[in-house]
Structures are given as C-alpha cells and as structure tokens.
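Next come the structures, one after another.
Each of the two complexes below includes chain A, the first together with chain B, the second together with chain C.
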Partner chain A sequence: MSEQDTDTAMTTQQFNIDTVDHAASTPEIDQPWAELGLKANEYARIREILGRRPTAAELAMYSVMWSEHCSYKSSKVHLRQFGEKVTDEMKKDLMVGIGENAGVTDLGDGWAVTFKIESHNHPSYVEPYQGAATGIGGIVRDIISMGARPVAVMDPLRFGDIDHPDTKRVLPGVVSGIGGYGNSLGLPNIGGEVVFDEVYQQNPLVNALAVGVLRHEDLRTANASGVGNKVVLFGARTGGDGIGGASVLASESFDDTKPSKRPAVQVGDPFAEKVLIECCLELFGKNLVEGIQDLGAAGISCATSELASNGEGGMHIELTNVLLRDPTLTPGEILMSESQERMMAVVTPENAEAFEAVMATWGVEYSWLGEVTGDGRLVIEWDGETIVDVDPRTVAHEGPVYERPYHRPSWQDTLQAARFAESAAAAELPGDAESLGQALVDLMTSPNMADVSWITDQYDRFVGGNTALSQPDDAGVIRVDEETGLGVALATDCNSRYAYLDPYAGAQLALAEAYRNVATSGAVPVAVSDCLNFGSPEDPEIMWQFAEAVRGLADACMELGIPVTGGNVSLYNQTAGRAIHPTPVVGVLGTFDDVSRRTPSGFQRWADGQAIYLLGTTREELDGSEFARLRGHLGGRPPKVNLTAEKTLGEILINASRDGMIDAAHDLSEGGLAAAISEMALRFGVGARIALDELCERDGLTPAAALFSESQARALVALPRSEELRFTDMTTARGFPALRLGVVDAESGGLEVTGPFDGESFGIGLDDLKQAWSQVIPSRFDAVQNATEAVRTEQ
Partner chain B sequence: MPTIVVEVMPKPEILDPQGKAIANALPHLGFTGFSGVRQGKRFELTVEGEVTEAVLDDAKRAAAEMLSNPVIEDVVAVRVEED
Partner chain C sequence: MTSAIPLIGDFRAETPRQLDGARIGVVTFPGTLDDRDAARAVRLAGGTAVPLWHADTSLHGVDAVILPGGFSYGDYLRAGAIARFAPVMETIIAEAQATSTSSSPLPVLGICNGFQILTEAHLLPGSMVKNDHLKFLCTDQVLRVENTTTAWTSQFTEDELIAVPMKNQDGQYVVSAAELEQIEAEGRVVFRYVGANPNGSRNGIAGVTNAAGNVVGLMPHPEHAVEPGYGPDDATGMRNGTDGLTIFTSVVSSLAKGTA
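For the complex of A and B:
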C-alpha cells in the first residue's frame, strides 16, 4: 500500500468493449440475463428503461442491483410498514431512519448511536471462516459510512443439530472467523445467540450486528452532491472476489488466460479494515468528505448508483482508474466485484489535496474515479468509451417490486391444534421431587440451554475497556462517554419455534424478548434493527410467514413506541425444498444515562439472604417451549404476547436500576423459571432457595408448568431486604404482579426448590450442574477445533 | 525415506492478506525489487517404503480433501522427493 504501488497501477487491458453505441446498433445480440439471475420480464424492463439493449456492463449492474439481496423486490411491499406504523413520538430521537446504511438515534449530550444487523448466511455455509469474518467486516463498514466509530459487535448464530456432521464442519469455522476478524479489529463482541435446531442444517444463520457512536456533527450519509465534486475509491484493491455469477460475462473478453472460475467467496483482511476505520474517522474529523458509501454486496455498481441517485445530479466515472488486484478483470466484473475493505467517497476539489494527505498518513491506496455531474445520469467510461449510461435511480431504487402471492399454509391449523397439553409426552409430566429435579438438569444440559462460553471465549469481550456487561448477561452494555458514563445496551433475540407456530406472534415475541433483555439490564429501549431470515419468497406459504412476521413486528414496534431504524432481509434459506423456520431476529438498542447502574444477571456472593422476586404472571404455556422440544413435541400456539405488560415490566426494571433497588435481574424466556433461576445461580456460583407453593396456588399451575412454562413479560430480581418495601410499593402502584419466591443462599452451593409435589423439595448441587452444563458444547467441538487450529497455525 | 511434497497456494483471484503484508514490508527493509508476494504452504508427507501409484493417489486425495480448502486454495504440486 505504498505510493510505489499506486504508481505501478494496472495497465489497461484490451477487451472487446461493449459500448453504449455498440449496444444501440446491435439490438439482436443474445445476452446472458438468465445466467445472471434476471427474469425475462426484468430483462425486458431494462431494455424498456434504456430504449435499447443494455451493454454487458449495464447488464452486470442491473443484475446485481435487481437481485433479491440488493433490491428487496419481494419484501419491499411489506417492509413499508416499518416506515408507516410510526408516531411522531417514536421519531423524536431518530436522526436517520430506514434507507440509509444504518439508522441513527440521538443519545443526548451531543452523542448519537447507530446500529444495524445483517445476515451472512450463505457465504458462511460455503466457507465458514471467511464467510463469518467478512460478515463482521461488512456490517462494520455500514457503521463507518454513517460517520460513526464502531464500538462493538454481536453475533446471533443458528446451526443444525449439535451432533450433525454439517454442524461440526460449520460451527468451528464460523466462530473462529468471527473471533479472528472482530478481535483483530479491536471490537468487543458483547453478545448474541447460539441456537441448535435441525431446521438449520445446511442452512446455518450467521447474522452480525454492529454498533457505533458519533458526535452529531460527524453524521454522514451516502449521497453525491455538488456538481464538480470528485469521486474517489479507497481501501483495498478490487479483485475477483465474490463475482461467481459474473463469469458468464467472460465472453466480453479476448483473453483466455484469466482464472476460469471466479469464487463466490471473499477473503477479508481485518488489519486493512482497522486502518480504513481510523482513516475514515480522520476524514470525518477534518470534514473532508461530502458523502460516503461502503462497498459491500454489488460493489462499485451499488456504491456509484446509490451515491448518484441519493444526490442531486449524476456521476461520471472512468472505470480504468480503479486499482486492480487482478488485471484480467472485465468491466462487468469490476462493477460486480465484492472485494472487501473498500469505500467510496465524494470530495470537493478544494479538499482533494487534504484527502490525499490523510490517505498517505494511513498508507491507504486510493484512486480518483470521476466526478459528480448535473445531468442526472450515471455514465461510466472504459478508456474513454461509454459503457454505462443510465439513470442511477433505475438501478438503485426503481428496481422490480413484486407483490408475491401468499396464503396461510394448509398445515398451519393442524400444527396449531397439536397442543403440548394433549400430547403423549404431557401425560408423563414430572410430578415428584426427583423427576422435577431431573427435568431441570436435562433442560440445562440441552444444547440450547448449555453454557456457550466455549464459543464466546473465542471473542474478545472487553477490548477497548468500555464493556459494562456482555454474554451471559441479558444484554451487552457499552460505555460511550467515559466522563458521564453515558452508554448503550443491546440484545438480539428470536425463538423461531414460536415464529413457526405463529409468525405474527413469533416476531412480536422476538421483539418482546429483546426489549425485555435490554430493560432487564436497566437501559431504556429506544430503537430496533431486524434481520429477517426466511425461506423462498416464491413459495406462497413462506411468503405468508414473511408477511405475517413483518406485520407483527411493525404492529408491536408501534405499541412499544420504538421504531425500526434499519435491518436486512435474507430469503431463500432453504435446502432441497425444506425451508428453515421463519427466523425474524430482532435487535433492540437501549440507552443508559450512566452504565455504572447496570443490573447484572447473577446472584452476587455478598448478596446472601437477599430476597428473590418473580415479576409477572405465569400461565400454563408449554407449546413451543424448550421443555416440549426435549420431549419431541412442537405444536400448538406460542406464549401469549402482552406488550402492555412488557412495557410495565420494563419500567419497573429500569426504575429499580435507576433507584439502586435491585442487585440482580434476569428475564424469563426459553426454559422458563427453571432456566432463569439456574442461570442466575450459575453466573457466580451462588445458590438460592425458592418455594413454588404460592406461585402454583396464585396462578393455578402444576409444579412442572410453574418451572418450565415460557409465559412472557416475566423477570426474576434479587434485592436487599431493606429495599423490599420500596420495591413492592412500586410494583403494587403499577398493578404488576410481584411474588416473593425465595432467598439467595450463598452458603449452600446449590439450588433448593420446594413446592406442592411429592417429596416436597429437591436440591441440585451447583458444582455438578455447572460441570454438566459447561461441558455440553466443548465435548462436541474441542477435538474438531484443535484439528482446525493445528492446520491454521501451520500456515 | 521418500517424501511426498504437497504445495498449496491461495487461488490467484483470492485476496492473500499475508502475502500483501509481506509485499508491503519488503521495501521498508530495503528489498525494492519485488512487486508482489503470494504466500502458500508446503507439506512433507513421509512414506515408509516405496511410493507406489496408490500411495501417490492417496497423497493427491489428501491434498485435495484435507490439506487444502478447495473454496479458496489450489493444490499446485504433489511430487515425490527422494532423500
């Protein structure tokens, strides 16, 4: 990346260039639109827009920009609800909403926060390490594009059955990739999810969330304004990465010696990205760029057409100015390449010299590609010959929009009628002390409830020194301002079994859980980002799941009063005709005036004798639960959504944190009360004694339902006895159920549960439970990981 | 004892961050004559006894399936070296 390299820039290759003039005079030429993924009607539309056939380069641009991934053509009509179902109150703190690289929310004191979640599912299946690594790289560049400094990442992950060979192949690579890239960038990974379910076999979901902070004045957006301003591409060179489909364009080349097979995967370089982050932040600090856009999917096609169409005019580019890693690339391939660690910016001519000085400081390669024009056209030349001449809006924003047909699946009613309560397994519910105790141990040692530290310990959670909470706490918490303690909390959640049983309610439950997690940590939820992972939109039953989930999520956001600020849709997650469960992963961002008042999730050793309260109402809701899953059952309806109760519960938890009433809090979700109390005890190895009698009586429950039901809007808190009165006064005033369930017991080293069952009580030693709980994941992956590591170190 | 040498390189069109880092470091240390670096890896498989066609085929299979990642790497050589 020295200046020398810049001087030895590529020499122009001689291609049989398909110019605009050539295209106009040869309308009959056969073009590989189908191989590039376009439909006949879409190709016809392109010809109609242009009034001629597209050139090879234009075809490349339209095909990638009109892909499902870039154009949201199947999802757009539904996603509109996120923009429509909002109130002025919800928009109050919103500085940038949906449509930009990431939404931006005001944090107060002149600070703002931006966050977004994206999928990198397919690349991570093909090449787990690089796929997951570049997933982090891509989402981090989205954050930089807003003018923000990235401060943390999170990864919601979903894999197939834990013992399936495919999971053994994919998981270690994905985890090392996330760690390898994120750790090298110096970004703490503060949470996420790990879910095992056979529906994700051959279709793992690797979602990545990044959060960044900025001062209000540093806010940047992706638009090219100001006629005469210069367009620059900087960062890594452009190579043949990730343009598998473009190889059909090779016919435009005379050269037979080029690599025959273009890979669909990209290799990332985290150290180049780190330099790019610092370089961009200096550009923002010195106010040297007018507009900026990262290069991700669809590379230069996306960056030029989006920058141009978001601005006021057009753009004129000379494509031979692009610095190449592989000089055999054709214009179409250069436009489609997904090489990592690149950015495009718009700079005024006066600032060009200062811009170059910043590039020199950081040793970043750059090349001036062209300038902003006023004619409303995106014109791209190759060695002076025009190969693209389009209205950028038709590429970036006015792509096809499909109202895909959808209908409720024929099997949905049967599925919902198959209640757990009426299943064979329900006839043998654990009812005495021994079987209830065993059921709790079985629950905690199931792959989905087990300790995930084998995974998260491969990520740096504390780098940067601003991590206030991270896995396994309910939310990840990051301090933004060291002086005041101002900070943010983040949680991502989705129970796809719920969404499978009822996509509308399932999406709302995902939001409710993420909201609850953020509030449990003590933060005020303010914004939502979603990553909607579904099967094929061309299947009307899958499309119904998607439509229902979006409708549910938009309705729930409206009710909770927090807006969706951005996100991502990943469709076609299916293999051999079998789709994944609908998986609308929801990330919620909360704010803290001072992160030092955060509420941790575990019982503290010094908190012996503190009172444990259960907040909320428990119903017999075992459909879709982890408890039912362990008994081979999936059917019925998910737990009832009660957003009013979620809001009240949130207020209680936030106020309790603000007033310093509680010392620990944990939300109830998968695995219900049994899982929550176990996790609180396992956190610091501090036990508890609880009694179920009053709960069973008040809510009319069997002991098994009391322990394992997954009713929503519930949380456990631990508080000093001196605070009990103040706390219960608060819950009573809000009319929210609070029940004293037991006490923290730091001496016993175990959990003791008494209740209305035969044998009256059971106890579980924490040491034994911890041993079993923490070995579930390592026992499967230690050997695999060691072998992979050994090969990697040999390099 | 004969040794089978397997050489693996990152695919030419794939970014090679290590090679790039070395290429950038060379001029700083006074090595100015090189315009690019690609870094691969070399395996030495020791064979007890004679290298038959079957053994060599095994080595080729191991090279393709285990020693390289076919998504991002190419096996560029599998050859026998007598000591």
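For the complex of A and C:
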C-alpha cells in the first residue's frame, strides 16, 4: 500500500459516520441546520418527512436543495404564471419547456435550439475572476445536458458607479474571467450589456447566457430510467471548493459582520470543460447515455436527487467511489461540493464499455457510483453503510414553498409623482444649437452610452466561423446550418431604472427591447429566457417588485406570443440593507431562415446617400431616461408600453430584411434618437444628416424631447432610394408611422442635425466623437487591469 | 480513432468538390478550438481536410498539415509547451525537416497556438509572451505579406495588405537579437503588422517561416477570413473580408502543381 493509499484509508476512519440507523437511535442530537442556511420550520419539516432526524449527509443535501437558489421557494408561486399564461400557438415549436436544464425550441430542418440565462452575481462579487468564469462554465453545462453543442455565449453585466473603487476591483476581474474561461471553450461571445449604476455597488450583476444547437434525435433530458442501469460521475474530481455556494452564498445578503465567503466560490478549469463538451457530444453521437445531468449548484446532491426523481424509480450510490481532489472531505461535503466541470450520466450495462472507451479517448476521469433501482428511494452508502435514505422527490421537487407577504412600497407613489418635466433640471433644457450639440456629446461620452469594445475585445467573437453579428450590433447572430444559412439571433436587455419606477412595466419594457433588438437584426422572435435579479424576498416591498415584474413579463409574453422557456432567479442582491433596482434581464431568441440577410446596425461606406427613416411615434418621455440620469433625476413613470406597436414594428423590420429593402437598422432605446443616430454613424465611421423639423411638428415635441426621449417601439433604418416607395407602402399599409429623417453622408465625416431651434443646425465631427466615446472605459480600467493581470502572471 | 474527432461532418455540411492530391491534415489536440474553422478553410480552398489526432503518430498520408488555434492541453504551463511533445508532433517535426531527395519537406502552417507549438518544437525561431498590454485582444488586423515564396503564401502579391482577425493573450513575438537580424536578412518575415503594433511583437512581426520555406507560423487567424459574412470588415462591407483564403488556396495550388 502506497503512502497516499494509507492516508486515504486512514481518513475514511477520521469521522464517525452518521448512518441512518444512528440517526434513528439518536433523535436528540443537536444539528447545525441554521449554519447550513435552513430555517427552524424547514428543519422540522425534514424530520417530519423522514420520521426521524436527518443524518449529517441528508441534512447537507436538504440544506442545499431547499436553498432559495435551488428550490425557488420564494419565487415559485409567481413563476407559475410563465407556465400558465401560454397559448397552444405559443407552445407549437416548444420541444422542452420550463423545468429542464434549458428549454428547447424547434428550428426546422430537423434542428433545434436551446438557450438559457443564469446569474453568478454573488460569487463574482466575492472573487470576480473565478465567479464570472464559473458562471460561463455552469450555463454551458446546462446546454450540454440537453444534448446540444454550445455555439455561443453572451454576458449582461451591471456594475456600480464607474469611478467607484469597488467597480475598479470587480470589473477587470469579471471581464478577464469571462474571457479567460469562454475563450478557452471555443465559444464566440456575441453580445450582452454593460451598465454602470451606483445601485450595483457591492452587488454587481454577472449574468451569463449560453445557446446550443442539436438535431432533434440528440435531445437528452435529466432522468434516471431503466432499473439496473449504471450511474457514472465523470469530468473533474470533487474538491472542497464551492461548498455551500448555493445555500450560504447565493441565498443570503452580504453583511460586513460575516466572515469572508471566498471558500464558497468555485474555481474553474476551462480546459477540463472544453474536453468535457467534446466528450459529451461524442457520447450523444454514439447514443451511449440514457440520461444526463450537469453538476452545478448543490453538486452531487442536486444531480442524484434530480435524476432519480425525474426517472421512474430510485437510485443507489456508493459515495466512496467519488474521485476526490481532497481525501479529507466528509460525506456531507462531497454531497455539497460545487466543484466545476463534472457531469453525471445514466448508462446501460451494455454500453458501459463503449462509454469507458470515449472517456479514454478524451482523457476524462470517471467513476461508476451505483445504479438505478426500482424502489423509489435515493440510497447513498459510505463504505457499505447507509448514510442517506430519502424519497428523492422530497429533496428535489417538494421543498418548501413560501407565499411571501408583499405590498406596494410606501414610497412608490411619491417616486412616480416626481416627473422629470417638473424637476429643476427640466427648467434648463438645452434649446439652442450649441447646447443641444453639447447635450448629445455629453450623452455619448457618459459611462452607459460609451463604447464597450475595451470589454468585448477581450472576448473571442470569431471562433467557430459562424458569427454573423455580434456586439455592438442589436443582436448576436449565429449560423446553425452552413448549407442553408439557418440560424438564430439573441439579445438581452433590461433597463432597471424603468423597473424601479414601475416593476410591472419595467419587465415588459425589458422584453420589448430584447424583442425589438432581435427583430431589428431581421430575425423572428420565438422564445424568452429570463434572469430575475432582485433584493431580499424577505422584504415585502422587494417581494412586491418581484411579483409585479413576473406578472408584467408573463402578461407581455402572452401578448407578444412568445413563451418563457427557462431562466433563473437571483434574490438577496442587497448589501447592508440596500437593494439593487429590480433587474429582470430578458433574453429573446429569434430565428433566421438565412442569416446572410441579417441587418447591421450602422451605415456602411457604400451606403452614401441612402435615406434614413424613423419608425414609430415619439412622445415626451424623459422619466427614467439616460438624459434624466445625467441631470441627476430618477422619478416619474417609465415610457409607455405598447406591445401591439412593438409587434408591428417587428414585422416591418423582419419583412424589410427578408425582402432586402434595408441596409441598416438600429432600435431606439437608452438615449433615444440622439444615441441611435450616433451609434449608427460610429459603427463604421460613416456620417449622416438629419432634420428634426417635421418630427417636432408631427409629434408636438421640443427639439430636446425629439432627440432624447426614450419612447418605445421605434427604430431607425437606412435604405436605398430605389426602395423608398416599396418600404413606405409597407409601413402605410400597416398604419405604422414612418418619417424620412435624413440621409447617410459618407463624405461629411460627421453628424449634422437641423431643426426648429436657435442656430438652426449643429454638427459633430465623428473622429472627435469617436475619440471621446471610445476612451471612457479604457481611461478608467487600463491601468487597473494591467496591475491585476501582472499579479496573475506572476502567480 | 480519427473518426471520433468531431471535426468534419459535425454540422452535416456536404464536402465540396476537391482538387486531386490536396489532402491537408488538421490536428486536434485536447483544447484545440479552431480545428473546424481550419477544416472549413481547406474545404473552401478546394482541398480535402483530414482530421489528425494528437495521440496518433500517423499523418494518414496527408500532403500538408495545419496546427490550428486554441489552448492545447489548457496551456497552463506555457503556450504550446506540452503539445510539442504530442505523438503526432514527432512525425510532423520529422517530416517538416525531411531533407532527402525522395521526400520534400512537409508544408506545415501553425496558426496562433499552432505557431506557439512550432516555436516550442524549434521548427520556427523565437517565442511568444503575453501581449504588452496584458489583455486578450480580439480585433480585425491588417497585415503586410512580405514573403510570397512559401508554400502558404505563393498566391499573394509581394507586400499585399490583407485583413484577418487576431485574437490572443500571448501574442507578443520575441526573438534574440541575432536571430531577429538573421530572419530579417533572409526575408523570413512572412507577415508584419500594419499600423500600431498590437501586442509589442519585435519588429511588428506577425508571422515567420523557416529557412526552407515549408513551415509558416502566424498569430492572426486567416481561417476566420475565408467566407463573406463571417470574416473581418473590409471595404466591401461588414464581415466580408476573405483575404485569409489565399493562404489555403496557395497550398492547395502548390500541392496540385507539385511545387510544395
């Protein structure tokens, strides 16, 4: 026996195993349920279910699986609406709905697509690099679990004030973590968001979206069926990292008085994940697994209980078979560990040898843990002694459900009454050429409108050779079938200032913007995934924000006719009693018959002289706008939601793309018309001339409102003059407002805006604007990131 | 074993018509990322892409080899340091250095991580260290083709400017002063960055060749600039750049003519 073997043998003796028999005979023993994050009533419920006290291992399992993060105990009663508010028409292309690792939508031609968005907020605050990296790793494994090849990722990110020291600590680590992990997987990063707002100080939001594609016949789900089939754990070894990540870290607020939570953050190994992707795809291709589940939050506890309870029978596991990185781990720790890059599968005995051959090809470690049984119990043994004997459904699906009390905050009415138009700032609206021009420059050089390429250039957007659009265009577009050009588009959006003013409308506006972005690229929106980031559900006012946002989103999905196929809830995003703004990030998936017709978001050089049209109606809607933010104001009501108009606008943009009428399109959102026209010009450095006179007259607007209002259901398009008649015929037929605003001017090198204001026109040189716009983020973070990277390199 | 590599057929694309004789191996190490892209580039150039597996010493009779980009074996030690010892590399190193009259040396192209592997294998001079700005950088990059005599660049014109994507963290080319002087004097700089030096590489070098001209390595990614709509931006429009394709047509054509 080698020295190491002796150590291992000794360590298995180090702790007294708390067996089921022992638990039954020692009901009086005090158990650390509170330290594991359970409430008194929950612990009592576990004893009731089992008819005895839980063993230490069972307590560990229940504590992680009943955590807010894994059980959705506070959100479940509200999330039901996503399953209820759907029509048969909405479900027609849905192959797998909510509840599995990720929803699956039929794409046609035998192809299907799966996508999901998740949060990794708390870990990314504690350890930005690993937190963000493993966020990518986790969501990618969800996609693999469906039998799909992951094809792209996206990252909606929210940080505190750009100049706050905390942002300087968190942002560079998060960005290099996403790059370091995602780039090593060979997945293009095709978009996302970057938002700075002081409400995210000490509570950054790091959400991650992954999308994968599969042939219909490759679809897999997480269930353990077939008595006698073998259960195998493969991938990385199990270590002591991430213990209690879901229960203790993601399900509580941060508080200065508690110890550092660093050990609860997982550590990622992207190489292991890349190999795991290829290895799983080979398993699927050879049809060697009956069911598969990734190991994420709650690790083996989650994988065994979910596989067993989704299957027809039970499962019997020998836990000492788990390959360990650290031989001193207790059974409870092994069950709770959130070590990354692990998968669990169910394999028939006949396929075991072929399975092992695939593992050998890719050099992946595996261990056979046990088998599927028919007794409906999840039994886990440690060296032959039973340490877990539970009904798996009570662990995975029948956890506590709370009808948390909620009520409209007392301050909501006051907030909504504080309209921008009646504020002090509104008295000094820019009204002449010079001040309007300056206001536009100030807007575009503010942190939230600035060029984010310093961040996105740290991500690989080319790998795979199928990226047809990526940041900074409205949506990321990926080709799925190289022969036909069949593909998908994705966009994520949320304006949390709107959601703060009105959570119901705010969630709908997030959906409307993502829907609009997808349609702007030319794709047909078909499915939704959401990442609902909120404060503590134990605060009735926060719970009201959550309930309103879910109700709003479910209603709007019904109206737009696209179903929610999956998502994630992240609660307790608050520090020292201060919660983030409600942030329901919405991802919309669209489909393309041929991605080669995708519409870029900017004017190209050869488009000189093309006509620029503004679609939609502009109202004076400055409450919650970027324009108001720059003037220190947040109050009033968000822009009006008009989903009928969004749908019509979407149809126009999709048809215009399909019929080849337009060469550029960009939606109007934060920063309104001023931001949209600037971004279209900055995209390829090609200028334009626009006139506001007709718009101001038609919609009854001041020039400032015309430029900076954030009215919804609007977009700018550029089209050749030969297409103008056909295009306006289409908008007229649909009764949708379309106004010829100006022309693309490739020679001018600038933006020229004329209108009914003193001075008549202002011009902005694109070179100067680009210089200022592109320096906002690097000027803050270059030095910091260099210092961080230098330290990492030294290590 | 090679049939297990999801390199070709993964997306069920039909293999287009091929020129006779141009069978080009694309090596997959664990952690290789751009193997599908390299195989696609070979197909679009009219050749046949043959998957080669890191653990297999056989080159399956290919006429040329591409070492694609990625992070071989995770590159946790030093980029390319472990891959250089892979079984497939033993054969590649031997055939790339073949001097007998019966077999001409094997054309080998190393892209990004492949370039790093070729320097680790001492088939090419120099080495790569972290970019001077210390960040991963993904960008459209303009290069000047300064040597059109290699198997991989014969169809370019001298000093032609090409746009191809570049994406790496360890892309700063370093080389001893003596070797730098030698490769410059011998005209072995194949590609040079145009405009601001993007990563601090010595003399703005983006790619080099060996003395025989059969082995070429470069940090930017020509295989990402082979298909309109999916490449870098160029004068004709967004993502329309296909300048990288010439690298692959060069070798296919050289092989067809028997000049490689």
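Just so we're on the same page, the second predicted complex is superposed on the first by the 762 of 795 C-alpha atoms of A that agree within 3 Å, B and C clash if a C-alpha of one lies under 4 Å from a C-alpha of the other, contacts with A are read in each partner's own complex, and residues count from 1 in each chain.
By definition in this document, contacts are C-beta pairs under 8 Å (C-beta built on N, C-alpha and C of every residue); 3 or more make two chains touch, one makes a residue touch a chain.
Computed from a prediction, not measured in an experiment: that's the story for all the values here.
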Between chain B (first) and chain C (second), which does A:F271 come into contact with in this model arrangement: first, second, both, or neither? both
Partner chain in contact with A:P540 - chain B first, chain C second, else both or neither: neither
Contact-wise, after the overlay, does A:R479 reach chain B, chain C, both or neither (first, second, both, neither)? second
Regarding the shared-chain residue A:P720, is it in contact with chain B (first), chain C (second), both, or neither? neither
With the two complexes superposed on chain A, say which partner A:R461 touches: chain B (first), chain C (second), both, or neither. second
Touch test for A:Q604: chain B only (first), chain C only (second), both, or neither? second
Residue contacts on chain A - larger count, chain B or chain C: C
In the superposed arrangement, what residues of chain A touch both chain B and chain C? 269, 271-272, 363
Help me check something: in the complex, which residues belonging to chain A touch chain C? 149, 176, 179-180, 183-186, 269-272, 274-275, 278, 281-282, 285, 358, 361-363, 456-468, 479-483, 595-596, 600, 604-606, 684, 782, 785-786, 789-790, 793
Residue positions on chain C within touch of chain A in the complex are 1, 4, 6, 10-14, 30-31, 33-34, 36-37, 40, 69-71, 73-76, 130, 133-139, 165, 167, 169, 221, 223-224, 226-227, 229-230, 233, 235-239
State the interface residues of chain B toward chain A in the complex, per the touch definition above. 10-18, 20-21, 24, 27, 35, 39, 41, 67, 69, 71-72
Contacts from chain A onto chain B in the complex sit at residues 1-2, 4, 8, 126-127, 130, 236, 239-241, 259, 262-263, 265-269, 271-272, 325-326, 339-340, 363, 791, 794-795
